[in-house]
């Protein structure tokens, strides 16, 4: 433990700025993945244990598109859309058959999806490490803010994530479609009786959740190594975020992701030996004190 | 309301409908017709098959035999949402409002064009007809009383501009005084020539609001007539409605 | 019910004789290895099913107790101060204590939150194993093998004796679990599984009952861990990783949760599947995934449960329409009408 | 047997129970009526220990029991049945009753014995006979008819050998004939076991025919209490609940 | 794809009628005169480190293929049977037993990472066939006499050798450039911690001016290292040591590039010099220091280049560190079999392998030796070099003399109580 250093960092503008930005950088990709997880749980009531797969697929699709076209914009779109499409197929053909069944059935379908997709990625892309490479536009020196440094790509990444989060929030709370989706979460039969195609909507929401994970994967592809099975550690972290924030709550996912990000950023300064433990401890504490999470509505 | 394509044809027709749940048969050849502007009461004891008839019409419990026709076109076999789009506005029992939506958002979720693209029910028009809801438009629906929720569910379904409104047990579980207010509302809608089919156990309620009545028992239609005729038929009232 | 007990003891004895006879009839070491694997993972799956199938508690973190049994046992044996039976008792007792502490927190949570917190504790224990390198050897596990000094004239260094020992322990544990399954305790757990709130209103202390079975399941899992440690002569952090819990869950789903021996059948099938799939292809993830999908979406339940339901259907079809079918109709009418 | 004094409870600012004081003498049969949302079920939850009141006293069998858990209330002799039958779907009727009796006998922890325990048998047979479910003892609970499910729910409560039995809408969801059969049975049980019974009911015909006393709740407060005849004439009750056009108010039953 | 899968007549399955299908294999054609000598390989073929197994497998297949094409060993051919342990040590133990007991493998090449390696080691103690560990770098596996197994050898780099070499090299640079403030960033598990501690021990021994100002321990397989990198920005060390490897190292370097970390901090990496890592990194900064893992230009010998070309043709990528280790192990096995005239008993082969020397393109001088005292490989390249952005990615290899390494190793063993 090193509280003096921690206090010193908080008091120094350059360190504070850098570490806060670190927290956001770490937190924002987690937020994208976790918000997809939360959206799916909130509306469909299922836990998508295969969510990491869509993060991985987003990264690989982006990688493939970037290799083929050299366009970063196309790569992002390919990652998001590809993950979304696979998500819709997965929902329609597999996941939708275990709605309302017990948790274990859903767990196993997801487990199967993880096994199959990891193997398929290995067959198609190989077992070796891949990296998409940084687009030219971002190959600049980090931006200096109050003596702290923030890489340009990360500013873009955090901006994208926040923007997507804002659009998601507005979409769910302000648009008619969003209101219908919230209604679907509460009472799907009734929504159907009002003339709305609930199956299509379920697939759409599941796909949207996967688009969020895929976008995160695509955004990560320039800076994180691609390997089969790369979704796992992201899945576990985004689970922690979802549980802390409250299953089904997207604002909760944002708060928890930032919380985790800052915990890691300042934990690295103050408690370098226990940074990961802090995350688990935080989750355990939340589960014990407030099982439905910080902003979760459903009671446990 | 704009006129349906074939004015001579009943808006809703149920023909020889059998419904099964698993191996057990619930409905045995139900025949039912509702003409434009009627308020038809579907009467019967608990378990007689009223809700199942409604579910068969709404596409939730698809008939194994028989047909459901809307203005002469078959809707049976379609998914519930397609039945709703075809113009059947189904209000299930138990007042299923979206509790964490405001009153207005409940209406917005229900809003859709009618089967012929008509949109004569708007939120503003709803508030005229349901003045009680107007004052609560920003209230969470879950905070409304049982009677207010019942009105909201009816209003929400009207927002979909249906050709016919199906009300399943609108008086169930409500205090007698609220039941009367719901009755007043239905009479108002009747006055606006909205076609309505009501399933009820509460005979007295129905006698006050309906123009026609069909009585079912053990999954079969046993009587169908104008409401005044039923009122005078003590045999039917005694035998099937246990009054 | 004396008769039931005697019958179970008899069946247990027959099972044990079969288990012991198999390697004698087909004297090939790989059969023995295979069966020990089935025994260890079967026991783990059976113990998990006390929670999942009997009590309705879906634990995602059951492997923690498997690992705890293996590590405590392995460390005591490497310490060299105690004999195998003493180390086994200590490992089981230590794990019971661990399960008591963790369970006291976990069983208060419901449904998916229970699953999550058990998972969290498992990750916590796994990370302790990984980071406490001085004690556990970290990611490399307990190095240097686990000594198997003879006790009471039994030498577990001999592969045949080790197998026989494992088989006896296995059958003994099955009998213990069978007794739990058929006891008033077991039936009270079924009440909790079906409807905990109602059980509470019938004077059942739901939280304490859950804690009781949680500890019991933990101790049984620790025995499985001990068998595994004896067999591979080591203990590894993977024993306590979520994938081990996941496999145990898959075994009970594969075999069936409502038939007593379902999980063992699942363990057997999964080991068989794993064994052959890894031999014939390096895309075993692909194959295993497809098999899982086929079972979950095709059978929609474990094979033992499926077989039982199928038998029940056949019997129902053979007999004249039974009362249950008639009685069911009005209930459904009501639910629907 | 049971008295409550000045009971208060609010949920997130909404007063669900306001200053409720009621008394239920030993061996009485009392109905609680009121419009939806009047706080009837909340009242049951408060006295059975499921939720803790904000203020007030619950005196059960001469002792203040506020704050006791529902578990303890059951053990002290307060059992309840539910509006929607609350059963153990996968257990047979006999298994469910036996397990309930075993729990009542504090033998749930028996690990060494086999189920069913010998000492529960006579009691289970008695319950089966009392409920008239003997012929259906081996059926799985979930396959029972609606009425039998409600009956079994009451039977589970009776297995607790209660002093006070709370019934939440025992006739809910039944047809007219079935309703009368059900209430006859309940009435019979009340007489046979000399219980103190409190039931929530919407069917005024049943209430006025069987209840010895009627308590009317509205918006969480006591609107009226008295004999059925008094309640039927009570103008407040007519205004708030029965309404003037109710055929019962005109005395037609 | 799978070689082991296409074996015919390998096994016959009988479903046991009694206790629900029993598994049983027909006794194989055993003994010294079988036409084919089967070599089993438990390794990791799935998950994040699948490349470890795929490249190990390819290397052995390449070596066996060349031996078999040249007529085999006295008319007998070598055949590899590999099995995926999925990275689980207990699974590694199980498949190893199975390879020996069931598939008729008479020799084991243990292609597991360290943890699996210890598990396989214990199996070999039970079933004494010849086993060569090819991927475990943990020193204690062979250095600790308590763990000694008569028929087990290690044909892989050893942590302690690397640590001495790294210490010698790093201290040279630090003295020359005045690098006093050091930081470490290594994965939080036994290998990462041991490797880092040993490196620092020797670096400080040779240059006492070195001061470790901070250490960070990211989780193994962590996707993101930003908090560790920005920590380095705050600490401002002059040099950094990292035991990160594989995909983790690729992420770490690329993420550090975003912060322009390396122009200001001299990186010393134990694992950067591995071709798959070097080729995966899109913007490899120049001048990073790395230990040799594999390089087609070093040692500068035709045999090495031939191996690189041959392997690449088969595996479709450059050889990895694991590839050369397995390739060399296959050569040792072939030589031992030659000397035993095809006898495959573990004891007989072990007797030959003790102290065996072979000429190899991978030897830093002439020969590679399996040291008889502790059954471990010496004489392999322990050089350090500097990165350049384009192929061959690492240049200026500075060899560290084995005499110096062996001297330090002896001291270390005494200190540990191993000798």
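So that you can tell them apart, the chains are marked A, B, C, D and E in the order they are listed, and the count of residues begins at 1 in each.
Following the convention adopted for this analysis, a residue touches a chain if its C-beta (ideal position, glycine included) is under 8 Å from a C-beta of that chain, and two chains touch if they have at least 3 such contacts.
A quick map from chain label to UniProt name: A, C = Branched-chain amino acid ABC transporter permease; B, D = ABC transporter ATP-binding protein; E = ABC transporter substrate-binding protein.
Small disclaimer: the values here were computed from a predicted structure and weren't measured.
Peer 1: Give me the set of chains touching chain A intersected with the set touching chain D.
Peer 2: B, C
Peer 1: Farthest chain from chain A, going by the mean of C-alpha atoms per chain?
Peer 2: D
Peer 1: Applying the document's contact definition, name the chain pair with more C-beta pairs in contact, B-D or C-E.
Peer 2: C-E
Peer 1: Return the distance between the CA-based centres of chain B and chain E, expressed in whole Å.
Peer 2: 75
Peer 1: What is the distance, in whole Å, between the centres of chain A and chain B, each centre taken as the mean of its C-alpha atoms?
Peer 2: Averaging C-alpha atoms per chain gives centres 44 Å apart.
Peer 1: I'd like the Å distance between the centres of chain D and chain E, where a centre is the mean of that chain's Cα atoms.
Peer 2: Here the centre of chain E sits 73 Å away from the centre of chain D.
Peer 1: Report, in whole Å, the distance between the mean C-alpha point of chain A and the mean C-alpha point of chain C.
Peer 2: 34
Peer 1: Where in chain A do residues touch two or more of the other chains?
Peer 2: 118-119, 122, 276
Peer 1: Send over the residues of chain B in touch with two or more other chains.
Peer 2: 46-48
Peer 1: Residue numbers in chain D touching 2 or more other chains?
Peer 2: 173 - these are the residues of chain D that touch more than one other chain.
Peer 1: Contact residues on chain A for chain B in the complex?
Peer 2: 176, 179-180, 182-183, 186-187, 189-199, 297
Peer 1: Give every residue of chain E touching chain C within the complex, in rising order.
Peer 2: Residue positions touching the partner: 1-2, 4-5, 16, 18-25, 27, 45-46, 83-84, 87-90, 93-95, 97-98, 101-103, 114-115, 118-119, 122-123, 125-126, 138, 140, 144, 146-147, 188-191, 193, 220.
Peer 1: Looking at the complex, which residues from chain D come into contact with chain B?
Peer 2: Chain D reaches chain B through residues 14, 34-37, 173-178, 202, 239-243, 245-247.
Peer 1: So in the complex, which bits of chain D are touching chain C?
Peer 2: Interface residues on the chain D side: 48, 70-71, 74-75, 79-80, 82, 86-91, 95-96, 98-100, 102-104, 106-117, 136, 139-140, 142-146, 148-149, 156-157, 159-160, 173.
Peer 1: Provide the residue numbers of chain C that touch chain E in the complex, in ascending order.
Peer 2: Chain C reaches chain E through residues 15, 18-19, 22, 26, 28-31, 33-34, 37, 130-131, 133, 137-141, 143-145, 159, 228, 232-234, 236-239, 243, 265, 268, 272, 275, 278-285.
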